[in-house]
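Chain IDs A, B, C, D and E follow the sequence of writing; residue 1 opens each chain.
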Amino acid sequence: MIWMVLLFPLLGALLNGFLLPRRSKLLSHGVAVAAVAGAFACACCVFLEFFATRHSHLYFGFNWLQAGKFTAPFELVVDQLSGLMILIITGIGTLIHIYAGGYMKEEVTTYRFFAYLNLFVFMMLLLVLGNNLLVMFVGWEGVGLCSYLLIGYWFQEEANAKAGMKAFLVNRIGDIGFLIGIFLTYKHFGTVSFSELSSWMNLMPTLAEPYPKALFWITLSFFIGACGKSAQLPLYVWLPDAMAGPTPVSALIHAATMVTAGIFMMTRLSFFFYAAPDTMLIVACVGALTALFAATIALVQTDIKKVLAYSTVSQLGYMVLACGVGAFDAGVFHLLTHACFKALLFLGAGSVIFAMHHEQDMRRMGGLRKHLPITHGVMLVGVLAIIGVPGFSGFFSKDEILWKAFIFPTYGPILWGIGFLAAGCTAFYMVRLLCLTFYGTPYQDKSAHHHHHPHETPWYMWGPLVVLALLSIGVGYLGVPDFLAHLVGGHNLFAHYLEGLIYIPASAQGAWGHLHAEHAHELEWGLMLSSVALVTLAAGTAVFCYTNRPVRGVASFLGGHFPRLHQLLLDKYRVDECYQRKIVTPLAEISTFLWQVVDVRVINGCVNWVGYLLMGTSGIASFRMTGSLHRYGFWVLAGTVCVLIISCF
Amino acid sequence: MSAMVPIEHSLILAFLLFFIGAAGVLIRRNLITVLMSIELMLNSANLLFVAASRQVGNVEGQVMMSFVILIAACEAAIGLAMVIAIFRRYGNIKTEFLRALRG
Amino acid sequence: MVEVWFFYFFAAIAVVASLGVILLRNPVAAAMLLVVTLCALAAEYVLLGAEFSAAIQVLVYAGAIVILFTFVIMMLNLGQEEVGQLAGFSKWALLLFMLGGAGVILIQRLSMGALPPGVPGGAASDNTYEVGMALFTKYLWPFELASLLILLALIASVVIARKPTFPSRDA
Amino acid sequence: MMQLPVLDETAVQIIATIVKFLVVLVGVLHIPPVMIWVERRVPALMQRRRGPNRVGFFKWRLWGLLQTLADAVKLIFKEESVPGSAYKGFFHLAPLIGLLPTLLFVSAIPFGPAIEIGGWKIPLSVIELDIGLLFILAVTGVGVYGVTLAGWASNGKFSLLGSLRASAQMISYEIPLGLSLIPLVLIYGSLNLQQLILAQSSVWKWGIFLSPISFLIFLICMFAETNRAPFDLSEGESELVAGFHTEYGSAKFALFFLGEYVAMFALSCLCSVLFFGGWQIPFVAHEQLVSLTGSVNIAALCGVMALLLKAAFFMWLYVWVRWTLPRFRYDQLMKIGWKFLLPLGLANVCVTALVLAALA
Amino acid sequence: MHPYLPVLLVLSVALVIGLVMSFLSAFLGPKRPSAVKQEVFECGVAPIGSRERMSVRFYMTAILFILFDIETVFLYLWARTFKSLGWFGIVEIFLFVTILVAGYVYVLKRKALEWD
């Protein structure tokens, strides 16, 4: 069954890529949806099978790599984490595939799109199911490749192609970190299998040198990998640009699944991270800073997808923060809820864009509530979920993370404070997005080059949205924090579910005692209420600023009073420019030097010189090269005879 | 069937055939004859396979021999196709026209 | 000992006929003598207890491959005068034969008595069956690859022989 | 010391082989005259003509049977004319090269069960091999050379074209011929003709019932392999005068004729052997026959008669078809061979194998 | 007796008889050669000989023949061992045949076998 989960998307990709007639869009779409839906059905079976026993199960495929003592079997694992992940990937994947059929209706090469998309699902499944680092790495690189292909799907436009390349190159930096992590792991532990590493860490009561130091570097390397894939500071720059791809791609790859691979990987290796508190501090800081940093940029963006992209970076920052403070379960829970509501928001934005004929600038929207009632409804749910209104999924997950950050012994309240501010920003920019898009007065296009009224999307586009909206509300109740759940006599189902998987190794128990310590519920209540208050305040401000007012209210306010700050935010802190100046340009100059001088002059020169020498001298020898078959044949034979004669003596 | 032909006989016969074939390759100017001489050389190899198979008492040499026949068939097919192509190009099939490899 | 005399008889036919293959001026005659050589060798295979090999020698080699040669000779309709000449290479050929002669002596000196006596009664009772079993079990992959080789030869010969890529010179 | 030659097994079998072959040879030498007579009288009957009926001694005209004898005598006493531009050696050898394989072919047919003479058990086939089927395929393959050489050696336009056509046709139909026999090997598990016959012990185990498609393919190939109507393109009189034997006359022409009829006879025998139980008489087991007649030899002769009768049916079929069906065009001929019979033969092999494996 | 001895015997006897027969009329028939008689027959007009070249399709036929001949031989081997190999053999030979049929289809698609 587990193999079927993998086989279906692969088959779909191959069919779409190689076999299907190129013109039938319906067939391409049908095959792609069927492949992912089939995988989802199988994944459900696999998950239920696992859920019945809660015993992680290994599936051995074949002996993949073997060199000396090193072995890397092609082996899959189904446990709490990968079981959950395959459900997310195939479930949300199915919805997005269905949606994409409508969104990509006007495309000519849909088969290419769906082939990539199915391949992505396959690679992502491989990533989460692999039982060793190498299989995971194959998936890791595979999703990177698909991401590259899909960002550059409309490669005819140079900007898109460049965005794809940027994503690929930035990811490479992270990948190198990941690879170094794999190498170091193998060097110190002699295996790359998760189950073996996990049991090794579990059995060690204390860690002697060199392990603590090694673990610091190992986890740091892996974290760099996670930074690349999950778009953390300073490697987040590719994700906003990745919005050049089609919106379903943004929803599936750059919001729900691939970008969370870093969080997934860190959770998979949580036993390492727990044992390396120094790395954890770095992780927590990077996460918190990313959350706030991206949220502030999102405040002033005008492109609807860019807002969502920075929002994604910010939310990923929350997850990384959760990992950093040791609350991997909260991180994974936020991953789950975020997957639902961010996919919802992206698809909703996609519907808006679709209805607006590929207009992405929010300043040119407005008053769409009348035209797109369903989209408006689901977007509202999504926004409420992401800003953390009580009762919606985002509330539970974000609150859990902030609480865990608060009780983190080192700089805990500071981390909480940053996250808290970011939550405020989130509420503001999301409500701003909603107001600009759906409320207010419709934008009057002076040039009036399109006369179409925006229409509600067809059922197969809003259907998935409704499902995702229901999920965005419902999923949250799986992870109601303990202190709230106790009110109704329950407990945190999600944390309970992950208990068997995420454990603190014996050697690191001391450092993480606070996670299980008793805390005053009053404090928890207080924090929660304060964040609700902040969210309400921020949302209220946004509503106040952006409805029934000239639209550029706050922009003009900011621009009027803090023009430099406003410009800085609009320029996204000028990180890209800085990278360009400090890294890309010098690199290009060095490369040019290597090319122009070292390669062309020195290396080519040497090779050419040798070549000229040989050409000059070979003229002397080539008098024997008559081109006569007989002579060649004769020398072959004569040589053979000579060898035979020599071998006789 | 009881008496066995000593393998040395087969060796010598194979050797003679091989050298006759090799001589054909070297001394003839006609591509088709050259190809036929190559067939002779292949046959000498076949004879060795069969004789060796007899010598060691199993049939693997004969299996090899059938593979060699298969290869000979493919070789003849492609070789003669090239002869036809060469004939179209040069109007005859003398080997001295094939001097593209001259240094 | 009758077998040995038969062996000599067919060996003589094979050698004489193969000499004819390389020396005759007429390509069709050469092809026919090639058939004779092949059939004589098939007889040798029978004497060596390899009746399946003998059968495919006649069936495939004499019955198919040489037919192809004959067809090509007839298709190109090469006259005798066009094809008969020797390459201007006779002194090398002389050397070759000297080397060949030396080789014969060498083989004789080396092999007579030096090789282990063969396994008696080595000929299988059901030769075809044994060859088939060996081919389809132990040599499974070579067998399947052989089909790819045939495919390759088929496609290559179609491509090469079909259309002239250059205008022919004599047209 | 002089010693009387003692007849041992080898000597007896060698003598028996030569005798059997001579008997077969004499037998097949009678086929062309009889067949030519049949080929003249049967169409005459079909077309309400009289056909040849003049030649005779005094009053005995024997329904024109003697006409063919006269023809034979005429052929032998005619002047032999060789074209000046012909390749002489091959011109003379070609009919022989064409005839030898067919003689080998007919020698490989088991005409009956073994007989016993003076305590020696003598099989009723001249050549009995374990790989009889492959042997037959091999000699038919070599048989192409006769046709090819004849046309080439004549060095004439019509002969060359005729011979190329004929040999291309023969090799094209050799493949389906070979493929059509594979299901029989699959079913009966042997390549030995005598064993194939013995395996068809009852009528319902005859090849025609167990593998009817094979029979169909084989029948078509039989006609094509012998260059008989409706596949007699190589000697299409209207376009090629007479095909590869245009330049042949007198005894050599007779040899070609002989070769053609022997090939027809051999293929008819093979057809009876493979698909109609060979020398077995329907519904009468051989052991029954032996006990009925009281003698192995008489029973064997009955078997020979049965086989010859079955073969005679196919010989007659040749004539019947010749005067019934029109000739195919050459492209149609090749199309039938390569695009119909070959895929059909392959499919037949595959289906037979699947069915057998499923039944096993 | 060696089972192949009869082949040799048949061949030699047939060769002798065949030679006798083919030279029978050389002895019995009249010999009156003339230049016209020795011309190649081309429907009575002056012969122009057979110097033109034949269609490449004959060659294609022969190529296909070789390749399928080999296939047939291997099929015979398989048929002979079919009862021992069973399904394994079927799978093996089907793969073999499939690959060859691919080549066959290629030849058909290239129309190398079209006689027109």
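Following the convention adopted for this analysis, a contact is a pair of C-beta atoms (placed from the backbone, for glycine too) under 8 Å apart; a residue touches a chain by one contact, two chains touch by 3 or more.
Here the structure is a predicted model, which is why all the values come from computation and not from measurement.
Averaging Cα atoms per chain gives one point for each, and the point farthest from that of subunit C is the centre of A. In this assembly, A is the chain whose CA centroid lies farthest from the centroid of subunit B.
Contact tally for B-E versus C-D: the pair with more C-beta pairs in contact is C-D.
With centres taken as mean Cα positions, subunit C sits 5 Å from subunit B. Centroids of subunit D and subunit E (each the mean of its C-alpha atoms) stand 16 Å apart. Between subunit B and subunit D the centroid-to-centroid distance comes to 34 Å (mean Cα coordinates, whole Å).
In subunit E, the residues touching two or more other chains are 2, 4, 50, 54, 56, 58-59, 62-67, 69-70, 73-74, 76, 80, 104. Within subunit B, contacts with two or more other chains are made by residues 1, 22, 26-27, 66, 69-70, 73-74, 76-77, 80-81, 84, 95-96. Touching two or more other chains at once are residues 628, 630, 634, 637 of subunit A. Against subunit D, in their complex, subunit C makes its touches with residues 26, 28-29, 32, 35, 39, 51-52, 55-56, 58-59, 62-64, 67, 70-71, 74-75, 126-128. Of all the residues in subunit E, the ones that touch subunit B in their complex are 2, 56, 59, 63, 66-67, 69-70, 73-74.
Here subunit C touches subunit E in the complex through residues 43, 46, 51-52, 56, 59-60, 63-65, 67-68, 71-72, 74-77, 128-129, 131-133, 135-137, 140, 143-144, 147-148, 150-151, 153-155, 157-158, 161-162, going by the rule given at the top.
Across the interface of their complex, subunit B is touched by residues 1-4, 7-8, 11, 14-15, 18-19, 21-22, 27, 30-31, 34, 37-38, 41, 44-45, 47-50, 52-53, 56-57, 60-61, 64-65, 68-69, 72-73, 75-76, 78, 82-87, 89-90, 92-93, 96-97, 100, 103-104, 107-108, 111-112, 115, 118-124, 127, 130-131, 134-135, 138-139, 142, 146, 149-150, 152-154, 156-158, 160-161, 164-166, 168-170 of subunit C. Against subunit C, in their complex, subunit E makes its touches with residues 2, 4, 8, 50-56, 58-60, 62-67, 69-71, 73-74, 76-78, 80-81, 84-85, 88-89, 92, 95-96, 99-100, 102-104, 106-107, 110, 112.
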